[in-house]
């Protein structure tokens, strides 16, 4: 099967990770998975929410949003509608959980990092691009705080790295990193979030059409793990610059 | 390892499915997974939302909610707060997707079924109990509409059955159908939704503590599939009464 | 005149009061007035709202809600609409005022009790069933706190009991405890809340059709007082178990 | 007992009804019960809400609100808080029901009248002043529509008049038309809404302190009926100008 | 050109400023610019918002609103819609900024004054009438606080006076203080806010039809400054009573 | 006086206008005024809002928003707060009015263009950058529709161009195009919106500190007009590419 953009089934879209995109944020990354572009900023503030005060532990949370015309037809702003939709809630929570999986709260100390992931242009896989980019912004914000000695010397709030990718079955073939057109046609859609050492942080698979069997599930997990490993290399390369 | 309530690792909690609980709804089920009790009602209405009119196809959707004192400490009502939280959104969407996986929209015709899953008492696994009970309420509502000839004779809107269960790793042991105390202690938590013929509709696994490896993931998937098969039997038995 | 369910004009529907319905709440009662079923939970927490701190006095408040399919046709959730309707507000306030009428705030001490009254199935008289059931849940929560010594020994926060019933004029006949079909046809509708010693806490009469004269009003008040006295017996019997 | 403003127990505060207060509304009345001042406007529009279309019947509804500094200390605007409070809802509903009690929907035809009752200055009894003033605004709006032939000649949408007054027991004495200071001290508070021919439209009595007995209730009902009769005279006089 | 109400182009509508309109507020003014009537109340409270505590400085803010039937056709209440519209926000902010321009925060001390400007009847120029009336209410509230010694003796929180007027070009002629019918027909509309000594606090000019050139802009500024000077005289006269 | 970034008082910051920034929108521009970066997308849809149907005329509207970390400290999302703030409302309305000033609704036909202006990075002057960039996006969207023949051949919906700039008095010197640090220190702040032929569409001047006199106002208007003329050249150059 030929993919719409000529990729092989197990091939990622071109990945770019542009660090220090914004002059204000402690970490800021414009990440692109092909035509999907997400601006990820990490805002570091001293102090923690009320329910965590005095614990000696920090907090990391995330908010995801799409610009109204990030997609092919304009969507209403959630601020105008006056409420956040279920999809936005779900993705924000996923990003937050994924990044917290590589955080040592004690080492972070009573500091808070908020990851804002704003989709500037969408072409499938916005949540996985967001996680992948947010990790780099998070690493930069932590380096910034270490440089400022806000995080005590010798402490390592990051216990590893995290990346994410979508996989799906389109016309019986398992494909890596679906673009929008593939995503629409997928019978099964899965998001896989892995640490840099190849373990799973989150696995979310959904039958869009017919239910899937264990063999298909296994193939998707294999593909997702491979894709995350490739993304991890891209993150390391970006952070090495 | 001894489980808190004396179960073996692969044992479900006592399952009860009380049909026709309410006099008003076309389908209504009080489902219990041990101390978790969820009232699932299926409301059948002729007609579909505006975006689906004229398609000849029906629609199925779900809303999940918890009574304020379903849990150990009272939670604020979402109606009083004026907005629905992320967790509620996420679970409502999961229930809706799970049930739509066994619906043939054409056979349903331009009719809508809303599944309301209200947790009266919570002790872990409320979303999986909700899916399992909602399926029975859905089947009853469809029978009702077939009896009334609102669904045309010979049409079978249900393509199969669906059930769900939580699995998790607690102290290195994979456990089936976690109660609240186990859920709190779980390192990894997964919800598995399967059809009656043993295929997967949805798989959501999350590392609560350390990331999990493929071996652990496989063990959880095995356990979840087994648990769903047991629940399917319970659903069939209830529907046979 | 024959009533739809064969009762005499001054006869209550079958009353059931099931205590300790929920394992979590300090008091929990499933009350039924015929087919009207309301789950009343009393949540006891130490401390009071900010505006009452340091007063040495407690607080009691109530929230009423209906499950979406408690009624014959499904109603939208107020959480989804993002606001609480006027009817809900009005009934929540009525329940709160009714229960506060039998509370000695000083004896309660700086503790708060929230009564949640959730209608699981509606067939007229939901607010009066809620008040009647909530009183029993309140009594149980207070006993719980006395048992835990959170309320000081010898203190009696309850100054009496409270019950409520609806009355109305249907086809010129005053009827007690209207079911839904009677309620719809009533020319005049009144809710009467009485203490166990036969005094009035709240009287709310509304002309649904033609205005009513003093003779009709007097007949309704008589009937309501009698009905409350019968309900009081039911409460006492339930609390004696 | 001497009342704070020198009135006898059964004496109303000075009543003024200023018609045509606003140049825009079809009916507009500035009503004063002593220092309580409410601007009541009646907005007449052709057509009815969707659920009433084609019925040949009209609709009348009401909205009540207080300016932020109508009271002794400033209250937040409900528009700023983003939601309407329970008290506002309750009073709006009471005003609407009270005025609908004297409306013949058929005679009104498919037209809608909205009564806006905005409290400019509050000193107790704002809801009863609102009902009393809104009736006059309603009558003026109906006259306007009759003059414009929007209501067909010969049709009389008003079946009578309606007025309302508060009564209460302060220091064991039943008092008519409580001002704010009396209202705060009242053990029992009742609002009585009567038609011009002396029948009851709504009776709402609440024990603020100790529950009240039937004798007290009877005394309050007598006083309320008398007060409404006096207010009816004031309404007639105003409409005769 | 003849103006609709017979005024000359540079003539204000009749101005009335009724002080102490309400018995509760520390300052309260019913201001009329012809048929435009705005009730302006100034609520003085000790203390400041959290973000200003400990600064030794006070705060002044404003809220503007229209009664639903202040205009020719009824508008929905913003409290019912659950949110404040853009126009209301914009005008509230303009009034606040205009009054703060004549406040010495240090002299005010840690006290807050809220100006509520509620339009009872609208006929164009509601925001400028609001600013002009609110200044007088503000001056009264400050006098009240000086009388109570809440503002320390010798301190003068007011550094000057402020007034506002609308100007516009209708049919090529610059006109002062537009009434509603003129406002609708204006090609260019400008609001001018000046201090009593003739300097500008705010200038907001908008091309409603064709863009305007510098000559027109200059003519409008001249007219606005003259109008504000006339209004200043009216304010002084009112405060001298 | 030396400006913080070395500019002369009447010098704009470096202007860049990047067209076709997004692959989805009919017009999309990333505009930069120095470090202020705004993504402006123009979404063209056939049809108009309900209130304009059948008029034969089109509609143009705008929404402005800031990403949470566009500024030096993170701001809460308006979608999370559940309501749009006054500043956002005010700026959205200004952008909409400014662009509508150069639109011929008849020539546009019954089509709607929504301009979304999302600030990715803020350094003062975000609303003026938004207007300037949105004009270019608008022109591109109109060209797109002309190319698709959605706008009938020969029709010219644009009657001119529009650009905007901020001016202010800092330390007695009138400065063009204030960056954030200058804006904070400005005694007077003005936004000037001009058409390409040098006429004014909107003028908004505010005294941040002391009120300003006519001489200062005139100097600011001169400077603003000059700045807009320079920006117009930049727009033309971008559109010529």
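What to note about this one:
For clarity, chains are labelled A, B, C, D, E and F in written order, and residue numbers in each chain start from 1.
Following the convention adopted for this analysis, contacts are C-beta pairs under 8 Å (C-beta built on N, C-alpha and C of every residue); 3 or more make two chains touch, one makes a residue touch a chain.
Everything numeric in this text was worked out from a predicted model, so none of it was measured.
Within the contact network of the assembly, the step distance from subunit B to subunit E comes to 3. Chain centres computed from CA atoms place D at the largest separation from subunit A. Compared with subunit B, the chain whose C-alpha mean position is the greatest distance off is E.
Rotation angle for the C-alpha superposition of subunit C on subunit E: 120 degrees, rounded in steps of 5. Between subunit B and subunit D the centroid-to-centroid distance comes to 50 Å (mean Cα coordinates, whole Å). Shown for subunit B are the residues that touch two or more other chains, namely 82-84.
One full turn of the ring, starting with subunit C and passing subunit D second, gives C, D, E, F, A, B.
Taken in their complex, subunit C has these residues touching subunit B: 22-25, 28, 35, 39, 41, 43, 45, 63, 65, 67-74, 77-80, 82-84, 88, 114, 116, 118, 120-123.
Subunit E makes touch with subunit F in their complex at residues 83-87, 89-90, 92-93, 97, 101, 160, 190, 194-195, 197-207, 210-214, 217, 221, 225.
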